[in-house]
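For reference, the structure is listed below as structure tokens.
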Amino acid sequence: MTPLLLACLAGLYSERAGVFDIGLEGKMLMAAFTAASVAYITGSAWLGLAAGIAGSLALSLVHGLASITFMGNQLISGVAINFLASGLTVLVGQNAFGLGGRTPALTGAGRFNPITLPGAEALRDVPVLGPIYSGLISGQTILVYVAFALVPITWWVLYRTRFGLRLRAVGENPASVDTAGVSVTRLRYTAVAIAGVLCGIAGAYLATGLSAGFVKEMTAGRGFIALAALIFAKWRPWQALFATFLFGLLEAIANLYPNLDLGIITVPSMFMNALPYILTVVILAGFVGRAIPPRAGGEPYVKER
Amino acid sequence: MTTAGDMLGGRSDTAAPAAIELRGISKAFGAVQANRDISLAVPKGTIHGIIGENGAGKSTLMSILYGFYKPDAGQILVGGKPISISDSQTAIRAGIGMVFQHFKLVQNFTVLENIILGVEDGALLRPSLSKARGVLKRLAAEYQLNVDPDEVVENLSVGHQQRVEILKALYRQADILILDEPTGVLTPAEADHLFRILKGLRDEGKTIILITHKLREIMEITDNVSVMRRGEMVASVRTAQTSPEQLAELMVGRKVLLNVDKQPARPQAPVLEVRGLTMVDAEGVERLRGIDLDIRAGEILGIAGVSGNGQTQLLEILGGYPEKGAKVTGEVRMNGAALPLAGSGCDAGQRRRDGVGHIPEDRQVEGLIMDFAAWENVAFGWHDAPEFNKGWLMDNDAIRRDAQAKMERFDVRPRDCHLAARNFSGGNQQKIVVAREIERNPDLLLIGQPTRGVDIGAIEFIHKQIVALRDAGKAILLVSVELDEILALSDRVAVMFDGRIMGERLPAQTTTGELGLLMAGITDTRNVPDDAGIPPGTANDLPEGRA
Amino acid sequence: DPALIYDLGGKFDKSFNEAAFGGAQRWVEETGGTYRELEMQSEAQREQALRRLAESGSNPIVMTGFAFGDVLTKVAGDYPDTKFAIIDMVVEAPNVQSVVFTEEQGSYLAGVMAGMASESGTVGFIGGMDIPLIRKFECGFAQGFKSVQPEGSLVSNYTGTTPAAWNDPVKGGELARAQKSQGADVIYAAAGGTGIGVLQAAADEGILAIGVDSNQNALHPGQILTSMVKRVDNAVFDAFTAGTDLEPGVKIMDLGAGGVDVAVDDNNAELVTAEMQAAVDEAKAAIASGEVTVHDFMTDNACPAS
Amino acid sequence: MDKMPKWADVILTPLISLVLAMGISALVILAIGESPWMALTTMVEGALGSSYGWGFTLYYATNFIFTGLAVMVAYHAALFNIGGEGQAAMGGLGVALVLLFLPLPHWAIALPVAMLGAAAFGAAWAFIPAILQAKRGSHIVITTIMFNFIAAATLNYVLVNQLRPTGSMDPASARFPEATNLPALTDIAAGMGFEWGRNTPVNVTFLVALAACFLIWVLIWRTRLGYQIRAFGKSEPGAVYAGINPVRITVIAMLISGALAGMMAINNVMGESERLVLNAVEGAGFIGIAVALMGRNHPLGILLAALLFGFLYQGGGELALWTTIPRELIIVIQALVILFTGALDNMVRMPLERLFLTMKRTSRGAVK
């Protein structure tokens, strides 16, 4: 759920600033590719991370250009970015490594490896808390801790800082920000860039943390699920954590019970696989009610018609 | 070329430079020349009025001054020094504050957050917020501008939202305050209160520019007034040396009749009977609390009231489309037959078939599809009508012919029915809506804000049409926030406040002062002087549109 | 010249198509010949590709994957002088050689090894897209495993229901970790690119994995128990070598014919104990003699072992 | 009144955008060390150089016309239907069920029945997202995405466990009865006495698609329903004022949209493969978004854009078949086309408008 959380937070920054982003998927994919490539070539996961962020940022820039500067349709731009990433990664990858778009497997320092938190071993035998601490909390890669730390940080930035105030304002009513003498364009670009960085981390984590290299289309729809989680969370950081956790849980359940035997009927694996999607629809229909997006979301800020 | 100062005569001779001076400002939006070579000087410590038809370019000019738009040509001087106002930040720093015609507030932020937006001190919010809270308290006391700093803006009445906008400007220590049509949304008492504040600010030495369509306000409060027409500044005069008639003529370019010319009504059988109408909206707020109304054929019932007191809900329910999720109870009869208030049969299409026409309050959001051509808009809402249809298909030729004829009769300009609605000026857009609804000859015509933001010339025409329909024996329900309009058109006036009818008066037997009190929810109106506001102390605490 | 057509997964799927490519390459190295190759881009192209190759004189034409079966049935008759070979599918035509593998047998051997290696008594299977072919792998694996540990349990997962299921190493890794948490200590991955993630996760988690199709032992030396190799490369190599003399009919690449096997090499030598090797050999002999028949899932869509 | 003439907006802008997209594509091809000229000629030759190439180009275009029209109808109601992929997949199921289980003696009878089946299944798949959007405000973009996944799972289940002939490896249905096979255009041409597009999959569905373009044009711009859909799409409060029921229009627009997407199955499932295979849609649902947007949500534009994408698809396929350029290049080109014509169109339009404005001013000046 870490990449999901990161992508969800990425979407949160962008959409809170009024720029819809269905290109999360593409940006993650691009980041996964650049991260894996650079990590393979340099043997450094950190350089890979930087490259992942750069790759994702490049696409963010395209999105910004289309939806902020040229006041284009944000949904189309997102669709195009998804296609672009899906094609470019394989094209360049094939050209560079000749493995049909895969990157060679990463080893050692080319990957982010789990870190054991201090005292994890010592506390292992403490009842209840021990296993949770040593098994669940300790032993994750650094990027996981980063992702989780980003939740309170995002909350704090959004609700406690000047930048957050302006960011939220620009997503609600850009004219109010403009007439307050603050540049709408700059704010939105910043937000889109932050989204790029977070997608970059997410993609890098996919390729260099969770797996050991890039495989074509390896994001496998996670960007779209992150988007669903974002709507589910009503564009709020803590709820985003909760939503991604829920999706993670649903998937874990589907993994644990590939064929759910209900006595009378056995739910086939296909449906258990589709369970997270089905439940998303159910949740959207039943529990969240109308999720009201940032008011200026999806609309370019046009001053002069 | 003469400068604007010259036109004003007297004052510009004094040594002190104008607080603000514009020289040769031009601005085009695509093919529309919104401002053409405009010059204007506003002496320090004065209130300067700007009037002009819709689309004359008033808002554009002020927005340029505030750095919202960049002019194509021209120069701006503040305190005699030329400055280049590239964005609103520069304008704010130069001491200019502006309250826009359409407020620039973040609806789901608190008052305090809106106040500090853009002028926070430092990267963290907490210190800015507590500082602003203090300053706000002081400003509120000083200018009698009370608002709850922690209230979310969308819960405030329009009047209070405007206070927030003014406080925003004052918080930024503006010396030059621009107000773009500030009174359009206020009760007479609120407007009075605003004017007292403005006078106070002027006496402190601040400079104020006031845009309005209401000549009465210009005469009442301004020192000088400038008139704009079709993007040009046609005159700048001392207010004391002009008259409303002269200003109207300058604005429109011809003589305008300022009063409606109508015969006494000859009411016949009742057309609409409303009994005990209540409405609770989706959030559980009671918007209508037992409305009783009668309208007879051949009369105009005017409903006065500050917007947000249930008029919109009343029009929507009568028009057949109560707000989603709302609960409506009570009884509505039309020509004796009960109209359904919910479920099937309660839709706008059915109401039209039942003989209800409707000129909605907001022409751009409801009355027209802005991207549709004028001819398509002429069928809007009546697209089911047999004469517009040929079997499965719509008879577009018939609609176009009809549209062309209506545009002819209502003098819609330009007379091109293929033009998209958004390419017509506000007044002409409204004429399209009025033509469409009136020409269907409905038994009952619902009219919401027929002339909001419409200039004097068009108002005159629209008023004539409404009276003509009445004289043809139709029933008309007129909702307007303009008391002058209500008094001029109505045969009877009902005042709405907080979802109730506070009382009914005959126009000849009441005054704006009395109606103003009723609009504020005060029914004890025995000792009110003519045309006066309410006693000072109470003005601040006017209840919001809804409690 | 001969020609080779890869299925939609693409030439470098790290598995099936890539094995075919390897066979063609080996043929080039050994004979110095040249061949044409095509990658599919859409369903509608299959027929186009076959006809174009046949018309341009390529012979024989080898194609990988059951998905060609339908069009080949239609097209083969139009080109009686061209020889076709199709892998993983039986097409009855006088100029077509159908090469089928007994994956259930190879998977059985993998199951035997997993049964020997598993200390927990639980092993895992991770398939890519949930289609019958992969069920066949699972079923053979289950039978082999149960033959060693009749009371043992098998956890089985499929990555998904869209072609994306073949390219989701992250989910593969997650599934592997989930299976480990359920006690599995040997995991068999038959999932294309997704399998890479399974093998990686198993290596990271310190449990054993089993590769598929190609010999994947070298991906994580010492941590991959074995790979169930399906010698698609041999099939391609043989077809290319036979050239225009390619023999029509069904060619069954079973255990006996060396069509399927479990790979033992330097990379996993340490993991394969003598006992394990003996058990594998025994199973091979039993299958060859008919003493043990490994049930083929495809025949009745059911698996006796699970 | 307008800033530039309509023809410039409708033709010039997309054309320049297209050229830009192609230019960048050429750079990409150069960057991977291939010749853009060779790529272009291969594509043009392969897609348009022979009746054979045209046969494929038109076949793909047929798919895109349906999905493009589907996106368009929803778009006019201000609904962004990303679910074309799933709706088309379900349409395929509808076709398969009809053809496998109903005794249909002749294609001329089978075609309308299968069209009904396809439309019904596609529409049904769009119905739930539509009703959720209309009644509960569940974001249609998200629900249609989810329904794409769910459709894939459903189809997978049905094909593997229900429709697959026992013993078959292939997760595909049995072949449809011979009698229901649609005539290919090549057969029709042969019937008229000339040889055209032998062995190409383009079939009578192409003509159905052309008819659909016309009918949808009539629907949107000539009927009352179309008027209501457009009005609702432009302004929901306006529609309510005019007595247009938002729930009804949302649902109807999505049903039509889903039905159109579903009807794509006539082409690929009934016309081409003549049986139902997994993943028969192959992304055409997503391409439909690009086609609709490029075609300015007008059937004629959609027809042209579908032809363009058909060309890209077939030309790109040829490129991948006969050169060493990977097939992903085509995805990149498609992405660039979508980006430049759909999202960055103002990049071209803004300077153009300025150009036309100054031209207008100077010419007006000259007249004076």
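Every chain is named by a letter (A, B, C and D) in the order it is written, and numbering of its residues begins at 1.
Rule of thumb we're sticking to: contacts are C-beta pairs under 8 Å (C-beta built on N, C-alpha and C of every residue); 3 or more make two chains touch, one makes a residue touch a chain.
All values derive from a computational prediction rather than experimental measurement.
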| item | value |
| --- | --- |
| Most heavily contacting chain pair (counted by C-beta pairs in contact) | A-D |
| Gap in Å, rounded to a whole number, between the CA centres of subunit D and subunit B | 46 |
| Cα-centroid distance, subunit A relative to subunit B, in whole angstrom | 45 |
| Centroid spacing, where centroids are CA-atom means, of subunit A and subunit D in whole angstrom | 29 |
| Gap in Å, rounded to a whole number, between the CA centres of subunit D and subunit C | 36 |
| Touching two or more other chains - residues of subunit B | 30 |
| For subunit D, residues that touch 2 or more chains besides their own | 149, 152-153, 156-157, 160-161, 330 |
| Residue numbers of subunit C (touch at least two other chains) | 130, 161 |
| Pairs of chains found to touch, sorted by chain label | A-B, A-C, A-D, B-D, C-D |
| Complex contacts: residues of subunit B adjacent to subunit D | 30-31, 319-321, 347-352, 358, 360, 362, 365-372, 376, 379-381, 383-384, 389, 392-394, 396, 419, 423 |
| Subunit A partner contacts - residues on subunit B that touch it in the complex | 29-30, 66-69, 87-92, 98, 100, 104-109, 113-114, 116-120, 122-126, 128 |
| For the subunit C and subunit A complex, residues of the former touching the latter | 10-14, 18, 130, 156-161, 164, 167-175, 178, 182, 193, 196-197, 200-201, 219 |
| Subunit A partner contacts - residues on subunit D that touch it in the complex | 28, 32-33, 80, 128-129, 132, 136-139, 141-143, 145-147, 149-150, 152-154, 156-157, 160-161, 286, 289-290, 293, 326, 328-336, 338-339, 342-347, 350 |
| Interface residues, subunit A side, partner subunit D - complex | 22, 62, 65-67, 70-77, 79-84, 86-88, 90-92, 94-95, 100-101, 221, 224, 227-228, 231, 268, 270-271, 273-274, 277-278, 280-281, 284-286, 288-291, 293 |
